[in-house]
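Structure provided below as C-alpha cells; questions to follow.
The chains carry the letters A, B, C and D, assigned in the order they are written, with residues numbered from 1 in each.
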Amino acid sequence: MKELPKLPFQGVPTDPATLFADYQQARKVTEAICAPLEIEDYMVQAMTDASPARWHLGHVTWFFETFILKEYTPGYKPVNDVYAYLFNSYYNSAGPQFYRPHRGLISRPTVKQVYDYRKQIDEHMADLIETAPPHLMEGLVGSLIILGVNHEQQHQELLVTDIKYNLSVNPLHPVYQKVNIPSLPPAAPLRWVHFEGGLHTIGHDAQGFAFDNEWPRHQAYVAPFLLASRPVTNAEFMEFIEAGGYERVDLWLSAGWRTMKEQGWQAPLYWEKHDGLWWHHTMSGFLPVDQNALLCHVSYYEADAYARWRDKRLPTEEEWEFAALRQPLQGNLLESGLYHPLGGTSPRAGQELEHMFGDVWEWTKSAYLPYPGFQPLQGSVGEYNGKFMVNQMVLRGGSCATPLSHIRPTYRNFFPPDARWQFSGVRLADDA
Amino acid sequence: MKELPKLPFQGVPTDPATLFADYQQARKVTEAICAPLEIEDYMVQAMTDASPARWHLGHVTWFFETFILKEYTPGYKPVNDVYAYLFNSYYNSAGPQFYRPHRGLISRPTVKQVYDYRKQIDEHMADLIETAPPHLMEGLVGSLIILGVNHEQQHQELLVTDIKYNLSVNPLHPVYQKVNIPSLPPAAPLRWVHFEGGLHTIGHDAQGFAFDNEWPRHQAYVAPFLLASRPVTNAEFMEFIEAGGYERVDLWLSAGWRTMKEQGWQAPLYWEKHDGLWWHHTMSGFLPVDQNALLCHVSYYEADAYARWRDKRLPTEEEWEFAALRQPLQGNLLESGLYHPLGGTSPRAGQELEHMFGDVWEWTKSAYLPYPGFQPLQGSVGEYNGKFMVNQMVLRGGSCATPLSHIRPTYRNFFPPDARWQFSGVRLADDA
Amino acid sequence: MKELPKLPFQGVPTDPATLFADYQQARKVTEAICAPLEIEDYMVQAMTDASPARWHLGHVTWFFETFILKEYTPGYKPVNDVYAYLFNSYYNSAGPQFYRPHRGLISRPTVKQVYDYRKQIDEHMADLIETAPPHLMEGLVGSLIILGVNHEQQHQELLVTDIKYNLSVNPLHPVYQKVNIPSLPPAAPLRWVHFEGGLHTIGHDAQGFAFDNEWPRHQAYVAPFLLASRPVTNAEFMEFIEAGGYERVDLWLSAGWRTMKEQGWQAPLYWEKHDGLWWHHTMSGFLPVDQNALLCHVSYYEADAYARWRDKRLPTEEEWEFAALRQPLQGNLLESGLYHPLGGTSPRAGQELEHMFGDVWEWTKSAYLPYPGFQPLQGSVGEYNGKFMVNQMVLRGGSCATPLSHIRPTYRNFFPPDARWQFSGVRLADDA
Amino acid sequence: MKELPKLPFQGVPTDPATLFADYQQARKVTEAICAPLEIEDYMVQAMTDASPARWHLGHVTWFFETFILKEYTPGYKPVNDVYAYLFNSYYNSAGPQFYRPHRGLISRPTVKQVYDYRKQIDEHMADLIETAPPHLMEGLVGSLIILGVNHEQQHQELLVTDIKYNLSVNPLHPVYQKVNIPSLPPAAPLRWVHFEGGLHTIGHDAQGFAFDNEWPRHQAYVAPFLLASRPVTNAEFMEFIEAGGYERVDLWLSAGWRTMKEQGWQAPLYWEKHDGLWWHHTMSGFLPVDQNALLCHVSYYEADAYARWRDKRLPTEEEWEFAALRQPLQGNLLESGLYHPLGGTSPRAGQELEHMFGDVWEWTKSAYLPYPGFQPLQGSVGEYNGKFMVNQMVLRGGSCATPLSHIRPTYRNFFPPDARWQFSGVRLADDA
C-alpha cells in the first residue's frame, strides 16, 4: 500500500460517515439520471464527444476501482481485467485506452453487467471506508474519494448532455422524460452592473475541495468593467439570426466562420425552423423554442460573434469570478430535474446579477491556461486537467445539469471553441 | 389496387398454403438467428457495411409492408410513418433513406418494438394471403411474396455475417453461441477436374424463382478448363502467408496492394497471431484456426494474389456455373447451425467436385455485369440488383450462412473486391 | 548484359534505321506538344491523376533509360540517381516511387534540366541502336524500343489531357494554343447498323506491335447487335441535361449517383453555363460548346445513364471490336493538331460507321479484365497493364489526342468509371 | 475619394521622401529574397500554409493596389481584374478569395507577369506619393503606405520560411543559396535572470508604427520571475530526444501528443538522422545540425514538452515583453542574409539576456487574445489581426528572417500550436 502525500485540499471532511454519505449520494444521482433510459439508449454514441451512458456508468466506477481500490485495498482482485482498458478515458499512466470513437460499438458488458460492476465496487468502497485506518482516510484515500465523487458529478452533467445529444439524432424524437417545462414570462430588461478595477485575488484558496486548475490563488489586475445582469435570451439571439448574423463574415472569428460554414450552422444546436417557428430538441421532447428562456447550445464562435454584433464583448474569467464572488450560490441546477434552462427572471431584492449559477455555462473570452504557478496533482490524477490546457476556452457558472454541491465561483470549465452540445450560453460584458 | 404484370418467375407455387408456409418459415428462421443476442448486441454497427441486427429485422419487414401491404391491402395503415424512412435501405423509388452509416445511432424503435412491428406485419400478411383474390396471388402479389421471402433469406446470411463482425470488435470476445465446431481431418489432396469447352448455356431458365441478375439465359463460349476439386484450406493459405505473400508486391493487383497496405492486412479477416499460432474470432468464440478447414474471410484481392502465387487463376463465373450444374445441391449451409466453414473432405463416390455449395462463397474472376439482354424487374423492386453492376466481383456457391432453399447453380452473389466480412473463400482454376 | 527472350511481337521491323526513325518521331512529337507551354505550365498537377508535363517528359525518358540503357549498354552511368525515384511511375520491380500526388511539388530538376536529360538519353539511345549487335535488336532490345515508343505515344495523349486539365483550374482561362476550331454543321441523323452474331475472334494476332492486354486472340460468342452509326453529340446530351438526367436517380448506377452528387456534376467536365448558354474550357481557350460536336469528357456513369435514358445500352468491347475491324483506320487523331473532337459527319460512301477511330474514346460496358489465357510480359514491363485489371472499364477507338500509328481495332484503353478528364464519349448499342 | 480618419499611428514620418524611401526599400528587399530562385521554384506550395513565392510577390502588390491605389488614385484602372481574386488572402471585405490550398495550381500569371505587375504598381505608387495632397499623406494614405510596407516585411519573412519548406520536400535537396554558415563555439552556460514582479505596462504606446494587436497599452500584474539568459540550443534539445522525450506521454499536452504521433514527429522539422548523426535541410542545403546553434523549427507542443521535462516553463508574453524592454534591439535578423539561426553566444558586457531579438521566435505560454480594450483598425485592414484571435499562441522576438526595422519589444507574432515551419525556438522561464 503506497503512502502518498494527501491531495492538497484543506478542510474537507474525511470522517468515514460523511465520506460514505457523499459517495452514496453521488452514486445514487448518477443512476437516477439513467433511470428513464431504455437499454438501447445506453448504447448510443452519436458523435465522438458524446459517450454512451453505459460507458459513463462504467468509467466513473473504474475511477474508484483504479485509483483507490487497486491501490489501497490489500489483495484486491479486479472485477474484470478488460474493464481497465474499456473504461479508461485518457489516463495514460493507468494503461492503454479503448479507442474513444468506438465506445458505442461495444455491446458487452451489457447494461445489466455494468450495474453489477457498480454494485460490486460500491460494496468494496463501503468496506474500504469502514475499515481503512484513519491516517489513510484523512490522507490520500479520503482525498481521492472526494475527488472521485466530484469526478462522478462531472459525469452526471456529461450524462445529461450526452443523452440529450444521442437521442437528438433519431427522427422519432425520443423523449427522455415527460417533465413539464414551465412557460416563461418575458425576461427582465438587461442592466449593466459596474465592477471596480484593481488587483483582484483570483482562484481557489484550497479550503474545501477544488480542482487543481483552480489553483493557485493569485493576483490579477482587472480594469473596471460592466457585466450584463443576466445571460442572453432566445429572443435576443433570434434578433441576431434575423439580422443575418450567420451570414455576416465581419462578425466572426476566421476559424469560427470556417467551422460554421463547414458544419452548416444557421442557429444554435438542436434548433429547427418549421413553418416559420423555431423548435428544438429537449430532454422533454421536440418543443417550440421559448423566446423568454436563456439562450443555450451555442459555441464560443457564436457567443463571440453575437457579442461583436451587440458592440459588446465576453467577460474574462477573472472579471466573471470577481463578480460571482458577491452573488449567492443558487440557481436552476441539476437538482431541479428539468435539465433545461429557464428564463431571464427579474432581479431579486438586493441581488446585482441573475443566473450567475445554473441554467447555462457562460463562455468567457479567456483561453484555458494554467494559472501562474500551477502544478497538476501528483500521480495518475495529475492527468485530470493540466494536459488539456491548449485550444480551449473557459466557461463559468454551471448549468441546469450541474449538481449544486459541485459548482463554485472559482470553478473553471473548458471546451473547444466549436463545442455546442453542452448547456453553454452567453453573458455580455463591456469596458467601464 | 394496381394490376401490374406478374414478375417473370414461371412455375413457382402460388397457392396460399405454400406461400404462407414459405413466408412463415423465412420469418421464423430470421428470429431464430437473433435468439442468442442480448438487446445490446442488436444495436451495434461496427462498420457501415455491417448493419445492426435490429435494422435487418425491421428492414425485411418493411419490404413486405412497402411493396405488398401498402400496395395491395385496401385501406392499409402503416405501423409507423417514420419506419418508411428508417428501414428503407436503398430504394429511391420508395422514398428517402436514413443515412446508412448511422443505423447504429438510433436507439428507438427498441428491439421489443421492432419485434412488435414484425408481429403486426405477419398478421397483415396472413390476412392478405388468406383473403386476396386468386388472380393476385397467382400474379404479382404471389411473386412479390416469393421475392420477399428470398429477400429475407439474403438478410439471414447478412445477419450472420454482420453479427459476427459486430461482435468481433469487442476485446471481451463475446460468444454468439456455444456450439461445438468439429475438429477436422486433413483435407483430401487437391485434384484438377477437366471440363469441356464449347458454347455453354449460362443463366437461369426462369422456371422457379431466381433473381433478375440471373437472367436471361444466354450462350457463352467457354474454353476447356480445369477446376480444383475443392476450395483452398487454411493450411494452404498459411503457406502463402509464410512465403511472404502479403509482402510480395508482384503478386497483387495494384489496387489490392494499396488497399491491403492501407488496411494493414497480414492475414484473413479475424485472424490474430498469438505465440506463433493463428487464432480467429468465430460465432463460437475466439478459437485456434483449424488448418484443415476451408479458408474464409478473404477479399478478392487476396484470392487473386493467392492464385497468382500458385500459378493458377480464379474461375470465371461461366466456368463455375457450367461445372456446378453437374454437382448435387448439398453442403454445409445455414441449416447446419454452425455458421462456420468445415474442412476439405474426400470426394464422395461419383462426385467430381466437393464443397461447390455451402461452406464458403467462391470468388470468381468475373466482374458483376448485366447478362446480355438484361432487364431489371419492373417497379421499385427493379432497384434490387441492376444498379449495383459496377466495381464488384461475382461470388458463387453459397456459404455456411446461406439457406439451402436459397442457393442454386446460377446464383450470382457480388461484393466489392475489398470485402472480407462475408464467408468468402477461394477455389482455383486453370486453363486446360 | 542479360539475354532475355524477345517480347512476343511478331513481324515488327527491327532494323536500326526504322527503329531509330520511330524513336526520333515519338520523341519529337512529345516535345512539339509541350512547345506552347510556359515554364510555369510544366509544373502544375491540379489533381493526382493529371501529372505535370515536366514529369511526363522525364518519365518517358526514364523508361528508355531504365529498361534499355541500364540493362543493355555496357558500363552505362545514370544521368542522375535520384531520377530513378522521381520518374518511376508504378514499376515496383524498378524500385520505390516518389509519391504520386506530390509530383507537382518538386521544382527541380528544372524544365531545362529535364530537356537536357532527354537529350542525353537520346544520344545514348542513338548509340545503342547504332552499335548493338543485331541479335539484340531483333530480340528483346528491339522489342523494348518499340514498347518504349508506344509508351511515349500513350503519354503524348496523357500530356494533352493533363495539360488541358491543369490549365482548366485557372480563373484566367489560359489558352494552350490559338488554333481555330471549325464551326460544325449539324450531325448526320443517327443510324443503327446491324452486326451478325456468332463465335467471333477477339484480340490481337501478335503480328506487329500490341500491348499484352490485347492478347491472346480468342473466341467469344457475341449475339447479333446494333451499333449507332456515330457517337452521341453535344446537342443530344443537352437533351439529357434538360430532361433532368442529372436529377433522375432511376437512370444511374448506385455508385454513379453517389459520385455525381458528391462531386456536384451537372454537366460534362469543363462545361459551365453562362446566361443560359453552355461554355467549356478547351485547348484553344474558353469557348461556347458547339452543339454539333461529339460529346466528350463524360464518365462511364454518365455514359451509362445516358444510354439508359435513351432505352439503349453501351456496346461490349467484343461488339465494338468486331464492328471496328471492318472500318477504315482514320479519323480526327493527334495529327490534326486540334486536340478537340469534331462533329458527327455524314457517312462517307461505303462506310457503315463514322468516327470509330479518333475524336473520342468510347466507353464500353465491359469491365477491364484479362483475356482468357492472359499472361503479362516478362520482367518489369509486365507491370504495364495486368495489375490494373480491376474496377476499371474498357474504352475503345482512340481520340483526338491519340497518334494514328498508336491506335488499332484491338486496342484496349481503360479508366475507372468516374474518370472524366480523358477525351471520353459515348456510342450507343442495342440488342438486334 | 474617401476621407477616412487616419490610422492611429502617432509620430510616423509622412513626408513623401521618407515614405517613398521606405516603400522602395521594402519592395527591393522582397525581390532580393527571390533573386536566387528558378522560375519553377516560384510555383511550389508544398503545404497549404506555405504559399508559392510567386503568390507572395503578387499579394503584397495587391495590398497596395487594393487598399491605396483603388481607393485614392482618381480614375485608377486595375492591372487585371482577376488579380483581385487570385491575390486576396483573406480580406472578405475586399471580395472573394481564390481557394488557398490551390495557390500552387495556377501557372498564370507567369513569374514574369507578376514582376510586371509589381513594376506597374510601383510606378503608380511613386506617382501617388509624389502627387497626393499633403493632408492625405499625413492622414490615412500615409498610414496605409506604412502599413503596406510593414505588411510586405511580414511577407519577406514568410517568403523565406515558405521557400525553405517548399524546397525541403524535394529529394534532390535543392540549395537556395550557397552561403557559408559559420561553425559555432559551444553555447555559453545558461544563466537565470531575475525580474521584478508588479503592475507592469504592456503593449505599444502608439508612437511610431505598430500593429493593432499591440494596442492598447495597459496594466498587467506580473509576479516575479526568472528568464533564461538565452534560448535552448540544439545540443540541449538532443538530450531531450535521447531521453525519450518524444515517447514520454506524461510530458505532453494531450493535443500535442496526438498531433505528434499522427504526424510522426521524432525531432524538429527538417531533421533527419543518418548514420547516427542529425542532418537538416537549410537554406544553404542539407547540412549536419550544429549542436551549438539555437534550436529551431519546433512547435508549441514540443516547446511546452521540453520545458516540462526540464521542470521549467515557457514565459508569458507579458514577462517576455517586460524583460525585452531593457535589451538592445539587435541580433541575427534578415539583414545578416543567413536565414539561419546562430549560436548561444556569451553575454556581451552589460547585457542580461542574449538573443532576445532575431535568430528564433520564442514561443510564449500565452494564447493569442485581444488586449483589454482592443479595437481592430477600421475598414478592410481591420481584418489584419483581430479575426485570428483564437486557437493560436504568441511568439516574440523576431527571427533570422525578420527585418530589423520590423521588430520591436511589443511585437506579437502568433501561430497555431502545431506550426513548425517558422523559425520558432524556445526560451525557458521559471517562477522566482
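Definition applied: a residue touches a chain if its C-beta (ideal position, glycine included) is under 8 Å from a C-beta of that chain, and two chains touch if they have at least 3 such contacts.
These numbers come from a predicted model, not from an experiment.
K.L.:
Moving step by step between touching chains, how few steps can get you from chain B to chain D?
P.N.:
The least step count works out to 2.
K.L.:
Over half of the residue-numbered contact pairs in common: that is the test. Which of C-D, A-B or B-C passes it against A-D?
P.N.:
Comparing each option in C-D, A-B or B-C with A-D, the repeat is B-C.
K.L.:
From chain D, which chain is the farthest off, judged by mean CA positions?
P.N.:
B
K.L.:
Taking the mean of the CA coordinates per chain, how far is chain A from chain B in Å?
P.N.:
47
K.L.:
From the mean C-alpha coordinate of chain B to that of chain C, what's the distance rounded to whole Å?
P.N.:
38
K.L.:
Centroid of chain A to centroid of chain C, CA atoms only: how many Å?
P.N.:
60
K.L.:
Which parts of chain B, given as residue numbers and ranges, touch two or more other chains?
P.N.:
Correct list: empty.
K.L.:
Spell out all pairs of chains that touch, sorted by label.
P.N.:
Every pair of chains meeting the touch criterion: A-B, A-D, B-C, C-D.
K.L.:
Please output the residues of chain D touching chain C within their complex, sorted ascending.
P.N.:
Residue positions touching the partner: 38-46, 54, 80, 82, 85-86, 98, 102, 104-111, 166-167, 169-172, 174.
K.L.:
With touch defined as at the start, can you tell me which chain A residues reach chain D in the complex?
P.N.:
90, 92-93, 199, 218-221, 223, 249-250, 252-256, 300-301, 304, 316, 365-367, 369-370, 372-373, 387-391, 393, 417, 431
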